[in-house]
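Consider the two complexes below, in which subunit A is the common component and subunit B and subunit C are the respective partners.
Here is the complex of A and B:
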């Protein structure tokens, strides 16, 4: 633990924090709820970002309900985790949103899923649907995964009145639901409702049917694009909690596959962005080049997607000389073709003009909302987990983190374009330095009630997995995908934008939802409202 | 009599060829995308299938059906009339045909807007307004340049300047990217066409193909007239040149992205208005 970190810890102790545990890059403090605000404020002032918070039902082990607030001191490469325990009969915790705006969603999620009331702020349901019964909290340990509480269907369709101005279709075939408040074609405010296809994966991992060994394969199914990030982050969290030393070769293989995944994800995104701007030639060629990376992934792992090679303590598939040669050849092809494509795409006048100066997110807003990944880097925040908290083999390679200050759609596009080239260079270095040795530990053991926070730089930004170990399976597993952190920034990006720029701006955070679009458009001049497509009783909420 | 027969032939060729050229465009787009693409006759297959579907009248009812049918009628008549122009120019009576053609084309656009705004669908209404904005930014210039070319006589500089205006405004009228903002799939989910299905969508699809045929043929006619051809020679050349112009239109649309609703009229008005000022100056100078 370095001196600057100890200095921060001392300050927190002075404000009432009690150190529970200090690990290499993690400090755990238990905090009385009355002192939470001052500690959160002190951490935020010290430059920390709120990674996320997690409600945990710890009644079986500590007799309390808790919220863990995970702050990252990026410049010091250390996580500071505040645990705020409360008794079940008085499960109330004051909000820290005024001090740390990024806590908005995770506080509401803890309220929904664990039943801890958040005091001092407007509350609404975030994850649970409106017709979910009161007092039933799925992440409490006495709630069985298979339980399906009775629910009453509500429809808003009969409420439509007035004449709308300015329709909007998000253009992304995933279950996001945006309400755009418009004047003519100008957006004046935005509300969002998500979590329509919440699968309860965290709860599922705690159920008896899963063990530590099986969860990597479940984690990989969180996302169809960056699934390997999730399985890697999960195994990293377990390995950190249990103190498992992973063979160096396995760390290199994981890093190589993570970068291959980044390549395909960024190429996919570039294609989608081109399509949204009507430049389908760019879309098709981006996906054609992406195909090389998919074939490469299949060659390296056996699968085009959902690779399934991560296990606790290492990986399941080794790389031989042929695979490494093929990797380098494929990368040469991808690089050559991508450079040409990027040059063409960026020279299309409509793409330049429509991406420049639109969807702007200022540095201060990005900081307040703790955005991550290319969204943060395009707004001038130097945040990259690979540099800030080096993991796997990233400490062995040198690369540049693209940084722009404009904060607009073009900046986010340029960040991703440059990251593709950086990823290619990273893989080449990893292939060159790949050490020999085993690819997995022979045996491992996970002691119960150990905690760890793991973070991996996904294509969309920092992916965070927090784990409390249990017996044979996780006691609590919290997943915070990067989109969770970036969606709240859309409100700042979209206000004042023309409707025509909304699809690109939403796409510019590379959001990851699932498969239904629902939109309501309000005319703020007349108060008129029309529900365009809405299904079951969900009420939208301000971002 | 001969003119009427030629007109009928042009009409039949136009109606048959427009979807074929559209199929060619799809094939060309696929080639640039490195895809195989659909067969050249795919647009015809689509039309046959759409016309075999049950008739579904969208909300907005008879207004929609009436306007979509009238729009097609106006476009078909425009195609027939267009073949008169080279002949009329050579016989010195271009005015009536040209004006009638312009009226029919404008009516077709107006009917698209009527059809779109009569729908009980906000995407369609916005698409209608976008179509209106585009029409205002391009069709007056198309009319201006078309009249100047048809009646310009031997004044080559004037005709060349007008040709430039016509080439740009005819492309905008064809409704391709970057000026497909009335449909703009990712923004408006097909906009003006969102509520259409079955035979009505078939009619609208045919109208789009005919409009593109008109835009291509109009450009082809203007080119041959400016090049100094007239009469039957001009007619034959224009017919031969139409697919080439269509291909150029297609290539431009493949290589560009979609403009934004507020950028399109601003850019168009600025460009076309400036060119008009130049053309009028040329006219005033007697060039």
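Here is the complex of A and C:
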């Protein structure tokens, strides 16, 4: 624990926080709900970001319901976690949204899933569907996983029903729903309704048949693009909580595969961005280059996606000379072809003009919403988990974090283009320094009721997993994917933007919800409504 | 001009898509496909069932015996079953062309004969598993062929006899 961290902790103690546990890079404090606001404010002004908050039903172990607020002091590389316990009969916690705007969603999620009322703010359902019965909270421990409460569809008063019928684009787009309020062609406001494909994965991991050993494979299926990030983050959380020392070689292998995943993800995104701008030649070539990384991933792990090599205490597949050789050869090809393509794509005048100055997210808004990943780095926030909280083998390599201050779509594009090149350099260094030794620990044991926060820099930004260990399986496992943090920023980016810039701006955060390409457009002057496909209004080819 | 440059790249690259299925599919030597269970090696112990994350492997007692079923439709091709199998009966193949119009084609079964307790007749475990256990450890066969309840009774009786005999000698 370094001095600056102790200073922050002392300040929090002065405000009424009681230290529960101090670990190497985590400080746990328990706070009375009346003092929560002042502590949250002090932390946010000390430079902390809100990682997420998590409602936990701790009645079995502590006799209370709690919300854990996870703050990250990025510059000091330390997490500060505030636990606010409340009695079940009086489950109310004051909101911290005025002090910490980034807490908007996770407060609502804790209200939906654990049933802790949030006081002092407008509330609505975020995760649970409208027809879910009142007072039933799925993440309470007395709610059995296989329970299916009666659902009644509530008919809306209006006789007219809008049926959104849209194309299904399984590559990047997933079920998302944006309501754009427009005046003529100008977007006045944006409302988002998501969680159409909420799969209850956190609850599923609590169901009887799941153990510590099986959850990595479940975690990997949270995302079809950055699945390895989630399995890595889960195993890292368990290893941190249980104090399992992972062999160095395994850490290197995990880092190599994580960077290969970033390569394919960024190349995928670049292709989709080109496609949304009507530049399909760029799309085809980006995906052609991406294919090299997909084949490489299969050769290193056994599968093109959902690699399935992460286990607690290490990895399942070792690297040999042939694989390392193939890795370096593939990287050389990808680098050569990518540099050429990036040059072409960035020189297309229509791409430059449509991306620059559109979808601007200012630094202060980015800071207030605690956005992550390329979105943060394009708005001038120097945030990268690989640098701030070095994990696995990232402390062994040197790399640059691309930073732009414009905050527009072009800045986000350039950040990703540069990150591809940085990733290639990282993998080369890791291959060069790969140490020998075992790839997994022989045996491990997870003591119950230990806590840990793990974070990994996914292609889309910081991915956070919080774990409270239980007997043979996690007691509570909370996942916060990067897009969860970035979607609220879209409102700031889209307000005042012309309608035609909406598709690219939505895509510019590289969203990871399962999506059906549709938005509803309300005309605030006429009250009219029409449903628009996301690719509508895009000319087939600007050349 | 970018239009010309992209033509240059396209011409130089040529066609990259394989004419699959006429040509060989693009899979690497490390590819993990569906699994195969060798019925002659399988013990029916259920270690694979316990580790299988998606429940693709199940072990169900039925009138015909103990049935180990592999349902490809649920399989995520992680290969954990092959890693934990004590009998080395499971192999991970490179098969991936698994679509079928008939659901039955996606289910593979190994039926195990169930061993019954030689005293009370209660089912114990798959016969192959008991055989493997007897072979691997010097447990006397008469214990292995009993259900846990009868085994306990027999054991306590024999211990009782021995304790009685030794205390009788010492007095």
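Definition applied: the second predicted complex is superposed on the first by the 503 of 543 C-alpha atoms of A that agree within 3 Å, B and C clash if a C-alpha of one lies under 4 Å from a C-alpha of the other, contacts with A are read in each partner's own complex, and residues count from 1 in each chain.
The definition used in the following text is that a contact is a pair of C-beta atoms (placed from the backbone, for glycine too) under 8 Å apart; a residue touches a chain by one contact, two chains touch by 3 or more.
Given the structure is predicted, the values throughout are model-derived calculations rather than measurements.
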{"item": "First (subunit B), second (subunit C), both or neither touched by A:405", "value": "neither"}
{"item": "Contacts of A:340 with subunit B and subunit C, given as first, second, both or neither", "value": "second"}
{"item": "Partner chain in contact with A:501 - subunit B first, subunit C second, else both or neither", "value": "first"}
{"item": "Contacts of A:217 with subunit B and subunit C, given as first, second, both or neither", "value": "second"}
{"item": "Partner chain(s) touched by A:275 [first = subunit B, second = subunit C, both, neither]", "value": "first"}
{"item": "First (subunit B), second (subunit C), both or neither touched by A:354", "value": "first"}
{"item": "Partner chain in contact with A:207 - subunit B first, subunit C second, else both or neither", "value": "neither"}
{"item": "Partner chain in contact with A:303 - subunit B first, subunit C second, else both or neither", "value": "second"}
{"item": "Touched partner set for A:316, first subunit B, second subunit C, both or neither", "value": "second"}
{"item": "Contact residues common to both interfaces of subunit A (with subunit B and with subunit C)", "value": "281-282, 285, 288, 348"}
{"item": "Subunit B-touching residues of subunit A, taken from the complex the two chains share", "value": "164-169, 171, 185, 274-282, 284-285, 288, 348-351, 353-354, 498-503, 521, 530, 532"}
{"item": "Residue ranges of subunit C touching subunit A (in the complex, touch as defined)", "value": "2-3, 5-6, 9-10, 13, 16, 26-32, 51, 53-55, 76-80, 83"}
{"item": "Residues on subunit A engaged by subunit C in the complex (per definition of touch)", "value": "209-210, 213-214, 217-218, 221, 281-282, 285, 288, 291, 295, 298-303, 306, 308, 316-317, 337, 340-341, 343-345, 347-348, 543"}
{"item": "Subunit A-facing residues of subunit B, complex", "value": "29, 32-35, 122-123, 126, 177-178, 180-181, 184-189, 254-263"}
